[in-house]
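Look for chain A in each of the two complexes below; its partner is chain B in the first and chain C in the second.
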Partner chain A sequence: MLEFRKDIFADERDDNLIEIGQPTQRQDILGHVTGTSPFYDDHRFANLLHLKILRSPHAHARIRSIDDSAAARAPGVKRIIRAADVPVNLNTLLSLIQFGKDDEPSLAADVVRYKGEPILGIVATSERAALEAMALVRVSYDQLPAVFDVEEALKPGAPSVNPTYPKNTFEYYGKYDHQKLRFGDVESAFKQADLVLEDRYQMSPIEHAPTETNGSIAVPDTNGRFIVYTSTQALFFSLDTAAKINAMQSNQLHFIGGTVGGGFGGKVDTMTEPLAILAARLTGAPVRYRFSRHEEMQFGSPRGAERISIKDGVMKDGRIVARQVRAYFDSGAYTRLSSYAVVKCVAHIPGPYTIPNVHADVYCVFTNRTPATAMRGFGVTALDFALESHMDKDAVALGIDPLEFRILNAYRDGDMKAHRREAKNCALIECAQVAAEKANWPLRDEFRRLSSRQGGGPARTGGAADRARAPAIAPAAAPPQPMPQRVAYERPTPAAPARTPPTPPPRSAPPPPTAPTPAGSTHGAPRFSSVFGTRRR
Partner chain B sequence: MKTPIQFQLNGEEVAAFAESGANLLDVLRESIGDLSVKGGCWQGTCGTCTVLIDGAPRLPCVTLAETCVGKSIETAAGLRRGPDLHPLQHAFMERFAAQCGYCTPGILMAAKALLDRSPNPTRAEVVDAICGNICRCTGYEPIIQAILDVARGGDRRRA
Partner chain C sequence: MAKHRGRGVATINYPVGMNLGGDPSQALVHSNPTGKFTVALSSIDLGQGMKSVTRQICAETLGVPVEDVYVDTADSDTGPHCMGSFASRGTHRVGNAVITAAREARAVMLEAAAEELEVDPGDLETDGKGSIRVKGAPHRSISVRDVAIAAQFKQGKTISGRGIFLVPLSDVDPETGEMSPATCYAHACLIVEVEVDDETGEIAVLKMTSAYEIGRAINPKLVEQQLVGGSWMGMSHALYETPEPYYPNTRDGPRDFNEYLMPGPGDICQHDIIVLERPAPDGPFGAKGPGEMCANPVLPAVANAIFNAVGVRINELPITPEKVLKALKARGGGAAGASSGRAP
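Moving on, here comes the complex of A and B:
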């Protein structure tokens, strides 16, 4: 049976959630089971041409010369597209929201920076004709030293991957080489802690592997515009990106999509539309650019790999008094969305736990690997794996039940987060209690009685709410050690002026508390709002 | 060099000229226009394009079109009879057994092959029947349940 605890979110969501637990049908399910849903490649055009891309076999190399003369004469070939044909051959996806510098060419002009980087396009009457012509292209390379490890890439003398960011790190606000989080004083807290635990976690890149590969068809319209059928997950994002790269106005492009054969984040990169449109412009014919399965798996951007080191200071009574995180996000050769992933990662540290001393440094690092992109909670998922693995290790080392350990440290309403925002509408404790009940996981009575409300548990951190709290739990082992806790945080008065973006990290001045009770629901928050710190709560 | 080929598609005689070496997937989609057959890997590994050839599940992306002359081919486009959906289609709709829908036609055909030869399969037989079909969204459990619903005659719960 489902039980809705709407009391917990009373001032956050105004919808009734009546759909949860009820059978329902997708609005597009009839098309799916009859095979009539209109995926991009289910549109048919007379005289369709096909674009295939010659890709770099090297992770890092200078292109000395390209001889495509034989390919241009091959049967069925209509056009060769070279780097010089691309109107704006440098772009970064988030330039649409003024975040980051243009760093990635659509077709590599002089240097290739990852294995699989596009170099040359061949437009032909069939995919087969394009591939046969591609075999006739002769490219001569000078191989360059490559770097594949995030920490190696940061060492002095490491090969410089991306000339827009020669130090191999993304630049935040034009001057910071990483994102910082500073709260309290971890060094003093580590000295006071009963136990300090440190470990390192490494995730691999993960390919989304949608059953429908990335692709699009660009069709010249009769009014100077182009209709683009696409597999993209981000229709208007792709439209604006394609317009920028082709030096066109957005209203010259008509994108048709919405039926996506699996994306999971792997179809937000605008991988095919700009060159399909360019090919259609150069030939005057409809052009399809469809990834083969090999291209999708080898060159389609994956979830980025992350390396995360965590150091926790804990007390015998179960309180976490300090958490230090150092993380490296492997962006691959270009930025795409990894800069944003790092912002999300830092925003998620230290996890949903009230910890009085937090210190984090997170780097967006360029290596000669396939550029990474969005995938289901990217920036957060891997961090959560690391944090929660580490939480379990903390609990084992302390001899405390891991679930009780989480309940003890969970955010409660009124706690001060490491980002200097007050926690509200907290529900981790209640979720843990329900999960324990359903899993028949034994929780001690005092932990069943705790709540996420203000005063719902023993004092821990000196957050605003803790001053009002009465200790409720006798410590399992040693008595609580007096800690040099911060008991007050500077906060601006409600009259303080709103922060003027962009504020570079580290943010020395805390933002004003979000005073008004949120009216209405919070869904619909802009996807990238956290980049600018405009996100609610 | 193009070769004329003729076969039955969902009970109807169809004919096309196939490029020498063309696979059945391209002939079905590009020459005949049956777009219910989806390409996923073009190398015989993902099961997305599964159709039935003389009742057996086959992968058209690695089937030479010329080998299909005179054979009977069934695709997802032929599952419904006029306005009436096949029980498997009903069950997939009710069980939420599709999310993006791209693998669905292939899985429906793999399931039909199973039920045509074994109307009351065990769960293990259902799993075995769709083990060559990759789904990346929904997970396989709703799909397995939908197929078992049909086997048990439970597909008209709400229809």
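Moving on, here comes the complex of A and C:
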């Protein structure tokens, strides 16, 4: 099922290693397969209390009043936790790395901004007692207009979701409502392109769906410390977040993680620890706060939805000369980590291809839905779906094999990327070649011979990078190159095959394996001449 | 009514570590009095094998058998800071921190051994089996156990080391987006074959073939589990999953696994994987991180394969039978137009 191609890049590797590269059995495997590895919820406490959260039934509403008097008197209830009980009731996760403003309360004080937003905590002797008491809480709301579509949210007069960012967009650098990418000149390139293709892509939210839902147990220790058993993916990140919200010193908290029953990015947000600790402080007893499956599915952060529009300018010889991307990240009601993913998305544009003109605007937009967060491939997964779907459409429109089209445009060592750093250590071409060979996807000889290590260089982007202010920002960037005054893709290798005018077939099917370009038919006008150079075999 | 087969491809890369850097991790390595080592971390093993990867890296760097190393992690009182297990950063960031810590511990271990053998530490080498010997004179050797005992009880040395790895935080130019997002990238190409039923709109994923370039496979079995699991997630993202089936309309959200659709074991297909290793200059033994990227190529490859099979483009995820049927109907229905240009 898994094999290695050790022959490729062998000259860059030291393979005389002892432990590295061995399929060593993991040290915890016996615990995992015998069901004895300890999860946070395997810790047992005789006097354990349970925290359940009353959540908003509305997507956007002003809380007029809360009457929890009957709930407070209900059997088994030890404590009601209200917004006013939270020491620091406004936080944003990335404040730990000084990115963004505090915008999210642990418990909503006056306004709820998504269906499922926490309003009130009930600490009781059992989950059942807490849930039964919750049914006795009376909350009256004034419903407010809500917005669920990212582009609707940007229109003038749209309901304002998040008072920290009243225009419904995260603020970048104190002045922009989006992250920009500017490289070369897309407008001129679109005018010169043989073909311009535009399309729009949408990824819906996706749930992490861990086997173990988010949860934690906070246990009072001596000296005013608390031990917190947690399912977090990021121990100190969660510890520092919980300390901030509870106005505690970090060394008052002793976090113990361990086996995690599935993370995928959904256990970074520290959704249970701060209130579990607060409940333990207020009651003096161990408190468990764990999400039900319903809470995990609908009110734990999902992978956020993304809407991505792509416009490509392509030449008949297969070169992509311009790529413009406009994308909207649906952050839900609060920032959490979406602001970070926007920048990561911009860094990923235009994908692993060398394109001389690239332009992108990516927005982090607030809507009245469950706040989104990190998930495996954060900022990249939906973009890759859009880019690679669009690459296929480009290839079909040009009548070029979709895999050869990718190899043709793949970045190589020495190329200049759109974020103005030199491409190094590239291997996209080799992956394409190896996968094609294994899957019997026919590639013509000249594509089988290409290498990530040859033919790259700043000339492929027309020296666009030299116009950048690269040295001012990162001295580690490539040294300035003399700027070639042309948009030419000079590639010394390989030999040019015969030029076949692109015949646009309606389908993206790879050419039949029986009919690859014969090795001998390389005379005549060079194909992809501007790309491969004009050297003949 | 017919079933149509198609093939699709995607090629991707993926950045290793948090975007822009600024995400440190630390490691502490020390020997007990009989030459067995502990790596102290606070990094979380999510099942991806964090403990195995760091254990093998530590053993290789120290020059001792992997059985002589255990990794203790996920306790904030005993483990030094780690940013967390996300962003494909564990192997790269924590692995590098472990190398630094293990090198420091190894230097003390060799000093202690040199004192026992009355040679220069520079003349010593480890055999990876639990002994330290004089280069070129293997009969002059001492076990790591005896070195640790001597260091602890005779020489008063602590065989230990500290490590941290930090990629300095990059600025971002607000006007151009100029930045240093990552120091290294992993790569992949994935080809997928699907079968589309033009009557029901149902899609079966028949086979995947992929090539992944990941710098260095520290543990091939862990790489395989990531890549196989990731492709399953990618297929699930492509065809099944969302808590908001009518996004941006919020109605009909699933509440449990009866309502939240995912493929079952019977839907999983053969996946031939080939691993390439082009070492990252700053990776631990060249390693990058395959953790997140392996779902990504599956989504577009499946969409492209569906087009190849029945000639419709679905731009909205997940690609449900409902969307396929609507697209087929909009284009004239059935398999019309889908018979030409079939995949080989």
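By our rule, the second predicted complex is superposed on the first by the 431 of 537 C-alpha atoms of A that agree within 3 Å, B and C clash if a C-alpha of one lies under 4 Å from a C-alpha of the other, contacts with A are read in each partner's own complex, and residues count from 1 in each chain.
As a working rule, a contact is a pair of C-beta atoms (placed from the backbone, for glycine too) under 8 Å apart; a residue touches a chain by one contact, two chains touch by 3 or more.
None of these values were measured; they are calculated from a predicted model.
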| item | value |
| --- | --- |
| Touched partner set for A:A209, first chain B, second chain C, both or neither | both |
| First, second, both or neither for A:P352, with chain B first and chain C second | second |
| Which of chain B and chain C A:F39 touches, first, second, both or neither | first |
| Which superposed partner A:K167 touches (first chain B, second chain C, both, neither) | neither |
| Touching partner for A:G262 - first (chain B), second (chain C), both, neither | both |
| Chain A residues touched by each partner, larger count belonging to chain B or chain C | C |
| Chain B versus chain C as contact partner of A:R82, first or second or both or neither | neither |
| Contacts of A:K101 with chain B and chain C, given as first, second, both or neither | neither |
| Touching partner for A:D28 - first (chain B), second (chain C), both, neither | both |
| Partner chain(s) touched by A:R293 [first = chain B, second = chain C, both, neither] | both |
| Set of chain A residues, in rising order, touched by both chain B and chain C | 23-24, 26, 28, 32, 209, 259-260, 262-264, 293 |
| Chain A residues touching chain B - in the complex, by the definition given at the top | 23-26, 28-37, 39, 41-42, 44, 208-213, 259-264, 292-293 |
| Touching residues (chain side chain B, partner chain A) in the complex | 33, 35-43, 45-46, 48, 75-77, 79-80, 85, 88-89, 92-94, 96, 98-105, 108, 134-137, 158 |
